[in-house]
Amino acid sequence: MIKLGIIGYGYWGPNLVRNFFSTKDCLVKSVADARLERLDQLAKIFPSINRLKDAQDIINDADIDAVVIATPVFTHFSLARQALMNGKHVLIEKPLTSSVKEAVELIDLAEKKDALLMVDHTFLYTGAVQKIRQLIDAYELGSVTYLDSTRINLGLFQPDINVLWDLAPHDISILNYLVKEKPYSINATGVTHTKNNIENIAYLTVNYKSGFIAHFNCSWSSPVKIRMMLIGGDKKMVLYNDLEPTEKIKVYDTGYDHKTDEEKKKVLVDYRTGDIYVPKLHTTEALSGMACDFINCIKQNATPVSSYEIGLNVVKILEASDKSIKDGGREVLIN
Amino acid sequence: MIKLGIIGYGYWGPNLVRNFFSTKDCLVKSVADARLERLDQLAKIFPSINRLKDAQDIINDADIDAVVIATPVFTHFSLARQALMNGKHVLIEKPLTSSVKEAVELIDLAEKKDALLMVDHTFLYTGAVQKIRQLIDAYELGSVTYLDSTRINLGLFQPDINVLWDLAPHDISILNYLVKEKPYSINATGVTHTKNNIENIAYLTVNYKSGFIAHFNCSWSSPVKIRMMLIGGDKKMVLYNDLEPTEKIKVYDTGYDHKTDEEKKKVLVDYRTGDIYVPKLHTTEALSGMACDFINCIKQNATPVSSYEIGLNVVKILEASDKSIKDGGREVLIN
Amino acid sequence: MIKLGIIGYGYWGPNLVRNFFSTKDCLVKSVADARLERLDQLAKIFPSINRLKDAQDIINDADIDAVVIATPVFTHFSLARQALMNGKHVLIEKPLTSSVKEAVELIDLAEKKDALLMVDHTFLYTGAVQKIRQLIDAYELGSVTYLDSTRINLGLFQPDINVLWDLAPHDISILNYLVKEKPYSINATGVTHTKNNIENIAYLTVNYKSGFIAHFNCSWSSPVKIRMMLIGGDKKMVLYNDLEPTEKIKVYDTGYDHKTDEEKKKVLVDYRTGDIYVPKLHTTEALSGMACDFINCIKQNATPVSSYEIGLNVVKILEASDKSIKDGGREVLIN
Amino acid sequence: MIKLGIIGYGYWGPNLVRNFFSTKDCLVKSVADARLERLDQLAKIFPSINRLKDAQDIINDADIDAVVIATPVFTHFSLARQALMNGKHVLIEKPLTSSVKEAVELIDLAEKKDALLMVDHTFLYTGAVQKIRQLIDAYELGSVTYLDSTRINLGLFQPDINVLWDLAPHDISILNYLVKEKPYSINATGVTHTKNNIENIAYLTVNYKSGFIAHFNCSWSSPVKIRMMLIGGDKKMVLYNDLEPTEKIKVYDTGYDHKTDEEKKKVLVDYRTGDIYVPKLHTTEALSGMACDFINCIKQNATPVSSYEIGLNVVKILEASDKSIKDGGREVLIN
C-alpha cells in the first residue's frame, strides 16, 4: 500500500484525489492547501483524508511514500526537491519545472535517491494518443512527416506563465511520445494583449534534421474551442479531434508519392485518397491510467509512460520558445 | 464596350471567361493558350471567342482594350509589362508578380500609362469578407487584435512556387483589406517533403507595431480540407469558415477586458461570452463581382477593391517569407 | 427543512441524491433500494444518508415530508399512492404512471390530501427549453406551426416499456410545456426486433385542430446519437440540438408568407431567409432546477413548472400511442 | 446513335441536356418548352439543339428514337403514352405518373411496343447508394432491419403535388432498390399550412411482413437542410448523409444480438459498438450514370437500374400515402 500526500487542491486537485482514491494499492493520506475554503471543499467529498494547511507536513511525514505536487509551476522545483531529499517518490503536474536547469537537478536527485520522478502528462494515457502511438509503431502511417496542433479557446489568462507554458505541454508531450527523433531547433512567435507582457497567443515550430516538422498554435483568445491535431505520414494520415465525443481519431488512407521525372528533371507527386477508418478507442479515464502507472512504477521500480525524460524535453522546448519569442522569432537550438 | 483578351486557359481560365462573358459592357474577344487541347475545350463552350496559340496576338491586337493574365506566376511580369506598354489595362491572377521589384516596376508603368493594373484577389469580393470589413469599419469588433488563418488540404504540389505563394495570397490579401495598419515584420518556417526544395507546409507570422498579430498555416499535405479564419477584436470576435454552406460567418459577442489591480499590482482579465450572431451574406459569385469591378474601374478611372497596393503588399510579405524560411525563421522587416 | 426519502437508487438515483443534497431547505434523510450493491455505492459517496432495503420504511417514516420515486414505471402508482395516503408530497420519475387511470387517481388523491404531486420532466428546466418558451411567449416565432423531434441512439432495450415510453416523455413534456393548445389525436407506428414484442423503433404524430403538428422519431437502434428538435413558427424557426456543447439553440429568421393570387386562383408562398441568432443559455444543471422547484413548491404551496397536468398529458399520449401501434397506426383521439 | 428529344426545359432540363450531351452514342436533337425565355436560355448554352415550342413536334418526329419527359407530373401520362404509341423509348422524370392506374397502362404499352420505359430516379446512380447496395448484397450489414430517412429544408411549395410526391420519390426509390422484400402496408400523416390543402410536412411509415420498417420525414418548412438516411442491419449499420462533401457513407460496426434468458424468461440484448469505416465512393455525376444507363439499355434491350418496376412501386406507395393522410393516418395495404 503506497501512502500518498497531495500538495495543492486547486483546479486539478479534485481530479487527482478522486482518481488516486480509486487506484489499487494506494491510499490518499493527506492533502495540503493553504486556502481553507479549498480544504472545506475536500472535506465535503472525502471526509476521510487529512486536511493540512502546510505542505511541509506532507513532505516531513515519514509515513508518506509518495508526494503529488499540483501547485503553480514556479513552486514545483522547491517542493519536489524537498520531497525527493526526504526519500519520497514524486509526481508533478505538467510542466515539470520552470527551467531546464531545475528539471535536470530534480532528475539527478531522483536518480541518486532511487526515487520515481514522474510528470502528469495526462494526455499520454488517453485512448486516442495510445492508438496513434500504436499506428505509428506498426508503421501504419508509414514514415511520419509532420504534426500540426491547434489548441485554442477563450482561456483563463494565467498571471505567471504564458499560453505556451499553459497549453503546449499537452501537445509537446504527445509529440515527444509519438516521435522518437530528437528535435533540432525551434522558432516561436507570439503576442501579448495585456500589460503584463505574458503572451496570450503564441505559435511554435519544432524543426527536425530529418525534415519532420511540428507546429503548435496556442491561444487563450479564441471565441471557439479547438483541440485538433494532424499527424501526417507518407502512407496514411491521422486527424485527432479531441472534442469529438465518439470519433476522436480518423485514419485517412491518403498520401502522396514523390518521383522524379528524369527526362524532364521535374518532381512529380502522385496523390491518393482512399477510405477513412475510425477506430474504437478505450474509454478509461486518462487520469486514472496515469495514477495507476505512477503507483505500479513505484511498486515495480519501472519507467512510466510519462517519464521524466518526456517531462524534461517539454521544458527544454518551452524554455527555448521563451528565448525565441523574446528574440524576434529566431531559431533556437535544442540540445 | 471594353474588349478583353485573356491569356491562359488553365484551371482558372474557364471561370474567368464565364464571368467576363456575363459582365455588362464587356466583350471577351480572344483567348490565348499554347495548349491546343485547352483551346478545344474553350471551343465547345464558347464557340464565339477567338482562339489563339500565341499570347502576343492578344498583346498586339490594337482592338483589345484590356488583358487578363492567368498564367504561371513567373510569366506575369513579362506579359503584363508588354500589355501595359501597348496601352492596355491589365488584370493579373494572384499573386501579382514573383518579386517586389517586378511589382513596383509594373505599378510605375501603369501609372505612367494611365492604365488600370489590378490583381484578381477574388476573396475580397465574397459576401463573407465584405461583411467582416463592414463589421470592422463599424467598430462592431472593437479594436482588432489578431487574425489567424488555416488553409490546408491535400493540394496539388506546384512545381514552381511553394505553398505560401500558392495559398497564402488569399489570406494575406484579406489581411491587407481588413487591417489598415502596415505590417512591421514577418517570420516564416516551413518544410519540404519533396526533392525540389519547394515547401509543401509553411507557417507565417505577421507582426505589427500595435500588437496586432496575424498567423497563417498553409499546407498541401493535409488529409482534410480546412478554410478557417479567426478575427479577434476586444469587443467581439469572428469565425469565418469558408466551407460552411450557409453559416460562413459567426460573430461572437465574446471578449475580455484588462485591468490592473493596483493594490496587488496584478493584471486581471474579465471574460465575457454572450450570444452568437450569424449574418446572412450576399451570395453573388465573388469572381463576378471582381469582373464587374475591373470593367467599372476602367470605365470610371477608379480604384478597384483589389487594388495594386494590396497586390504589392501581398508580394512584399511573400518575398519576405522566402527570406525568413531560408534563414532559419528569422524576423524580416517589411518596409 | 423538508425531509426527503428517495425510493430507488438505480441509473438516475445518484443524480437525484446529489442534486437534492445541495438544494436549500431540504435534507435527504433516507434512500431505499432492495439491491445491496446499490446501497454500498451510496455509502461510499454519501455516508450520512440512511440506507434502507425496504421502501415501506420510507413511506411509513412519519419524519419524512416528501418522497421521491425513482423506480420502474409499473411500480410508480402503488408507491406514490401509499406515500400520498400517508400525507407525503411526492415527486415521481417520468413517466408519471403506466396508465391514464392511475395518473388520474393519483392526482385526485394528491388534491384531496393537499399534497404536492410532481413529475420529474427534467428537460423543462434546461436553459434551452426555457429559452424556447420565452421566444414563443414573446411571439418571436410568430404563430407556432410544428414541432419535429428526433431522439435516437444505440440505447438500452428496456424489458418492460417500449421506446416511446422510455424516450418520448422528454419530448412530449416539452411539447406540452411549449404549446398551450390541447392535442386532438395521435397516430403511432413502430416495430419490434426482439421476441418480447416491445417496440425498439417507433414514430408518433400528434395532431391538433389548429393545424399544428408534432412528430417524434424514437429509436434504441441507431448507430448515432441524435437529440434534435425543430420548432417552426410563421415568423421564425428554432433548431434545438441538445448535443451541441455551446450552441444548443439556433433561431432562424426564416419563414414564408402565404397569399392567394386571386386572378390565377393559386396559392403563392413567399420565402424569406435571414440572419441566425444563437442566444446564450443559462447553464445551471436542469436537475438542480427541478429539485429546487419541488422544494419551493412544497414550501409555498405553488404549482411547479413540471406540473402533474403535464405529467398526465404525457401519459395520455403514451397510452394512446400503444393503442394506435397495436391497431395498425390508426388515429386515436386524446380527450 | 440514339436521337433524343427532351420535353420540358425547366429546373431539371438543363441538367438532362448537359448530361445527355456528353453521353456516348446519343444525340440531343430537339428540346421543347412552351416558354420562350427557357428556349432562349437553351440557345445561349447549346445553340446546336433544335428549339421547339410544341412537344408534339418531338413526339411526331420520326427521326427521334427516344423521348425524355421533364414536365409537371400530371402531364407525364399523356405525353409518355403518345410517345410510346409512336414507338419511341421513354425516360420520365420521377415520379413516373400521378396514379398507379396510369403507371400500369404505360408499362403495358411499353411491353407491347417493345420500348424501353424508364424513370429518372437519379439517386440510384450515386456512389453512395451503389455502395450501400453492395454492402447489403455482400451481407456486410447482416439482415437489414430498418431504413429511416429525413429529407427536409425550406423548399419550394409545389402548387400541384404535396411534399411526399415532391421529395419522397428519392427515398422510396432507394428503399425499393435496397430492399427486395415487398412492402405490406403504409401509414402516412401530414399537415398543410397553406390554403390549398397540399401537405407541406408529411411522415410516411412503410411496414413489411418480416418486421423490416421504413420511415420518411419530408418537409418544405425546415429552416435547415437535412438529407440523412440510416440503414440498420443486425451486423452493421450505415449512416448516409448526402450533405457531407467527402464522408457521405459511414459504416458502423455496431449492433445488438438478442437472446432469451430461459430461466428468467426474459429477452436480453447484447450491445456492441466498434470501429467506423468511411468507404471512398465513386464521384461520377449520378445523372451522367442515369443517362448512360438509358442509352445502353436501349441499345442492348436491357433492364436499367432505375427500372419501371421501381417507378411503379414508388407510385404505389405515394398513392397509398394520399389515401392514408386523407383517412386519418390509417393503414393502407400495398398490393
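Annotations
Here the chain labels run A, B, C and D in written order, and each chain numbers its own residues starting at 1.
Just so it is clear, a contact is a pair of C-beta atoms (placed from the backbone, for glycine too) under 8 Å apart; a residue touches a chain by one contact, two chains touch by 3 or more.
No experiment lies behind these values; they were computed from the predicted model shown.
Of all chains, the one whose mean C-alpha position sits at the greatest distance from that of chain A is D. Among the pairs B-C and C-D, the greater number of C-beta contacts is found at C-D. Centres computed as Cα averages put chain B at a distance of 53 Å from chain C. The centroid of the Cα atoms in chain C and the matching centroid in chain D are 38 Å apart. Contact of a single residue of chain D with at least two other chains is seen at positions 250, 273.
In the complex of the two chains, the chain A residues touching chain D come out as 247, 250, 253, 273-280. Within the complex formed with chain D, the chain C residues making contact are 145-146, 148, 150, 152, 154, 156-157, 159, 185, 187, 189-196, 198, 201, 203, 205, 207, 211-213, 215, 217, 219, 221-224, 230, 232, 234, 237-239, 250, 252, 254, 256, 258, 260, 266-267, 269, 271, 273, 328-331.
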